[in-house]
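Two complexes are shown next, each including subunit A; its partner changes from subunit B in the first to subunit C in the second.
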Partner chain A sequence: MTERPSFQKEVSNLMSVLDGNPIDVCIQCGTCSGSCPAVEYMDYSPRHIIALIRSDLKDEVLNSDTIWCCSSCYNCTVRCPKEIKITEMMYALKRYSIWKHQYREGAIGPAFSRKFVRMVVKTGKSYEPGLAPTFMFRYGMRGMIDNMQLGMSLFNKKRIAILPKTVKRIKNFRRVLNRIIPIGVEK
Partner chain B sequence: MRYVYFPGCSLETVAKSYDVSARLTAEKLGVELTELEDWNCCGATAYFHIDEILAHTLCARNLAMAEKTGLDVVAPCSACYKNMGETNAHLKQDAELRDHINIALKEDGLEFSGQQRVLHLVDVFTEDVGIENIRKNVVNSLKGLHVAPYYGCQILRPKMGRENIENPEFLEDLISATGAEAVDYPLKTECCGGSLIMTKNPVALKMIKNLLACAADKGADLIVTTCPLCQVNLECYQKQVNRKYGTEFSLPVLYITQVLGFALGIPKDDLLIGSELSSPAGLLTRFSREAV
Partner chain C sequence: MNGKRILLIDDDPDYVYAVKMILEKANYSVRVSYSPKEGYAALQDGEFDLVIVDVMMGRGAEGIIVARKLKKDRELKKLPLLMITGIREQTGFFFIGDPRHETFLPVDGFLEKPVNTEVLLNKVRELLHSDQTAELKQEKQGEEP
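Entry: the complex of A and B
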C-alpha cells in the first residue's frame, strides 16, 4: 500500500503552478496575522492555520472560516520574512475545500466562486447581476433590502447592464478552455 | 506614447466613469490607447479558487492577443493589472506552463511569447507622461481641495516591481500636480474588503468603515481610487456603514482619472462626474475656471 501524503505535503503541492512554495519553513512569527485586515473575524489566524496544517489537522483547517475571510490583499505575502506566499496558500486551501466539498456550512464564498467561473466560462466576461443570487438572500431581510436598493440606485445611474456581454469569438474561447479542462465546458 | 488598452469587465458597467475618464485624460496627455480586440475577463480572484491553470489561461489569451499589436498592455483596474502581470511573469519563467497554455491558445489561433510589459494606467501617467508634464497642463487648479489617495492592494501587492510598497507616493505626486493637497493618512494601502462585500459582508463593512474614518479624520474632502472594486466598496456602501456604525460619512469617491481630467480642463459631465451615488460635482465646481 502506498502511503497518503500528509496534509502539509498536499497543500504545499497545491500552492502554485510555478513552485511548490513550501510552508515547512514557517517560523511562526505571526507577521502574517499582524498584517491581516480580516484577522479579527477569523476563527484561526493565518499563522495558526499554518500550524494546524503542519499538525495534519485537516478538518479544523477546511471547516474554519479563515480561508473564506481572506480578501487577497497580499499584506501577509509581501511581509513574510520566509517569503511564503500565504495568499497563494489561501487560494490553494479554497480550491482544496471546493474540490472536496468540505467547508463550513453557510459559507457563501464557494458558491460565489463557482458561479463566477461558470459565468466566465460561458460568456468570457463577468456580469455583476448574475452573481447576486449567491449572496443576495444570505444576510437576512435587511441585507436583501439593502442589496436591492443599491442595485436600483446603480441602475438609475446607468451603472448596471441589463444583459451580460459575450466575447466575439466565443466558440474559440470555449475551445481554449476545453483544452485545459477537457470536460465540463459547454460547447 | 501608444498602448493596448484592456478595460476589464467592471469598466463596461459599474465603473463606466473610470473607462470614459481614463480615455479622455489619456488623450489629453497625448497617450494613445487602443482597446484590445475581443478581450475576455481576467478571472478576478474567483478563478484562483477553482483552477489555477484555467485562471492563467484567461489572462494568457488577452496577453497573446495584445502581443500581436507589439504594444505594452495597460490596465486601469488593479485586479486586472495584478492578474495579467502575474500570468505574464509566470509564463515567461516557466516554459512547461507556457507550452501547456499555448497548446490551448492554438484553438484561437494565438500564442504567448511574453514580449510585452503589463502596466497600470497610473504608471503611464506617473512614469511615461511624467508629473511635470501633467502639472504644466493643469488649467483648473484644485488648490484648497484635500484629496486622500487610496491605493488599496493589488496595484502594489504582491510586489510587482515597485520599489516602495509600504509607503508609496505616486498618487500623492499626481494629486499635487493638480494643485490639490494630498491627505496623509495611515490606511492608504489597506484593503477595502474586495469581493468580501458580497461573500463576507460584515468583514468588508468594517474595513470600509476604518478607511473612511481614517481619511475623514485627516480632513479629506474626497478620496481617489485606481480600482473599480475599491471605488464601489468605498462609495456605494457608505449608507450601510453609517447605519451599522452610527456614522455620518458622505465622502465622495472618484477615480484618479476623473480628478486629473477635471484639472486638465475636461468638462465634468464628460468625465461622468455625477454618476456617483453621492455626487461631488458641487465640490468641484468652485475649482473650475470655466462654467462646467
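Entry: the complex of A and C
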C-alpha cells in the first residue's frame, strides 16, 4: 500500500511541479507576512499558514479566511528568500477548498469565485453590478449604502456599464474554453 | 491475483483508498499515484494493463492532459484508459454530450463519481477484455497470409 500522502504533499501536488521550491524549505522568516498588503484582514498570516500546512493541520487552514483574502499581488512570492511560490500555494489551497467543498460556512470567497467564473464563461467579461447585489446585503445597511455610493461614483466616471456586455464572437470564445477545460452545461 | 495490473492516478487519498480496496478485492493488483508526475514515473518503470485517471488534479484539468499525452505515446496508447471524474460536483460544470473525443479527450471509458462498485468492476472488466480481444484480432490478422 502506497503511504497516504500528508496534507503538505497534497498541497504540493496541486502546485506546479516545474517552478518554485517546495513548502518544506520555508525558514519561517516572516517576509511574506511582512510584505502582504492584506495581512490585516487575515486571521492567520501567510507564514502561519505555511507552518500549519507543515504541521498537517488541515482543518485550521481550510477554515481560515487567509486564502480568500489573498489578492494575488505576488509581493510574497518575489520577496521570499527561499523562492517559494506562496501565491501559487494560495491558489492551490483555493482549488483544494472549492473542489472538496471544505470551507467555513458562509465564507464569501468560494461563492464569489464560482459566481465570477460562471459570469466570465457566460459573457467573456466581468460585470461588477452583477456580482455586487449577491454580497452587499451581508454587510447590512451600512455596507449597502457604501456599495451604492461606490457604484454611483464609478458609474459617473463611466467605469461600469448598466447592462452586461458580452465579448464579440462569444461562441468562438466558448469553443476555446472547451478545448482547455471541459466547460459545458452548468448543472 | 488474476495478474492484471492497474495504475490509478488520482489526487484524492480517500477516493484512492476506496477504489483500491474495491479493485484489490476483485483480485487486481493496483498501483497508486497521487499526481500526474508520479503517474508518468510509474508508467515508465512498470507495466500495466489498465490506467484509471481522474480529471481535476494539479493546476486544473490535468487529467485531460495526461490522457492526451498517453494517447500520443506510441507504446502507451495501446493501454486502455478509464477516466473517473467528480468534475460536476467539484466545479459545477460538465461536458456537453459525450465527453469522449478522439483528440480533446481520448479515453476508452468514462465514469462519473460517485461510482457504483458493480459499474466500476464491469467497466474495468470490459476494458481489460476489449484489450485482449484487440490483441487476439491483431495476432490472427498477423497469422493470416
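Note that in this section the second predicted complex is superposed on the first by the 167 of 187 C-alpha atoms of A that agree within 3 Å, B and C clash if a C-alpha of one lies under 4 Å from a C-alpha of the other, contacts with A are read in each partner's own complex, and residues count from 1 in each chain.
Simple rule for what comes next: contacts are C-beta pairs under 8 Å (C-beta built on N, C-alpha and C of every residue); 3 or more make two chains touch, one makes a residue touch a chain.
Source: prediction; values computed, not measured.
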Check your understanding: Looking at subunit A, does subunit B or subunit C touch a larger number of its residues?
Key -> B
Review point. Looking at the overlay, does A:13 come into contact with subunit B only (first), subunit C only (second), both, or neither?
Key: second
**Study point:** Partner chain in contact with A:4 - subunit B first, subunit C second, else both or neither
**Key:** second
Point to revise | Touching partner for A:144 - first (subunit B), second (subunit C), both, neither | key: neither
Practice item. Quick one: classify A:114 as touching subunit B (first), subunit C (second), both or neither. Key: both
Review point. Can A:57 be said to touch subunit B (first), subunit C (second), both, or neither?
Key: neither
Practice item. Determine, under the contact definition given at the top, whether A:179 touches first (subunit B), second (subunit C), both, or neither. Key: both
Review point. Touching subunit B and also subunit C: which subunit A residues?
Key: 16-17, 91, 95, 98, 114, 178-181
Study note, to complete from the structure: The residues of subunit A that touch subunit B in their complex are 16-18, 37-38, 40-41, 68-69, 71-75, 77-78, 85, 87, 91, 94-95, 98, 107-110, 112-114, 116-117, 120, 124-128, 131, 134-135, 139, 143, 146, 150, 153-154, 157-161, 165, 167-169, 172-173, 175-181
Point to revise | Of subunit B, residues touching subunit A in the complex | key: 9-10, 12-16, 38-41, 43-54, 56-58, 61, 90, 93-94, 97, 101, 103-105, 107-109, 153-154, 157-159, 165, 190-191, 193-196, 198-204, 206-207, 236-237, 239-240, 275-277
Review point. If you look only at subunit A, which of its residues touch subunit C in the complex?
Key: 1-2, 4-5, 9-10, 13-17, 91-92, 95, 98-101, 114, 118, 121, 178-187
Exercise for review: Using the touch rule from the top, collect the residues of subunit C that touch subunit A in their complex.
Suggested key: 11-13, 17, 20, 31-32, 34-35, 37, 55-61, 64, 86-97, 99, 104-105
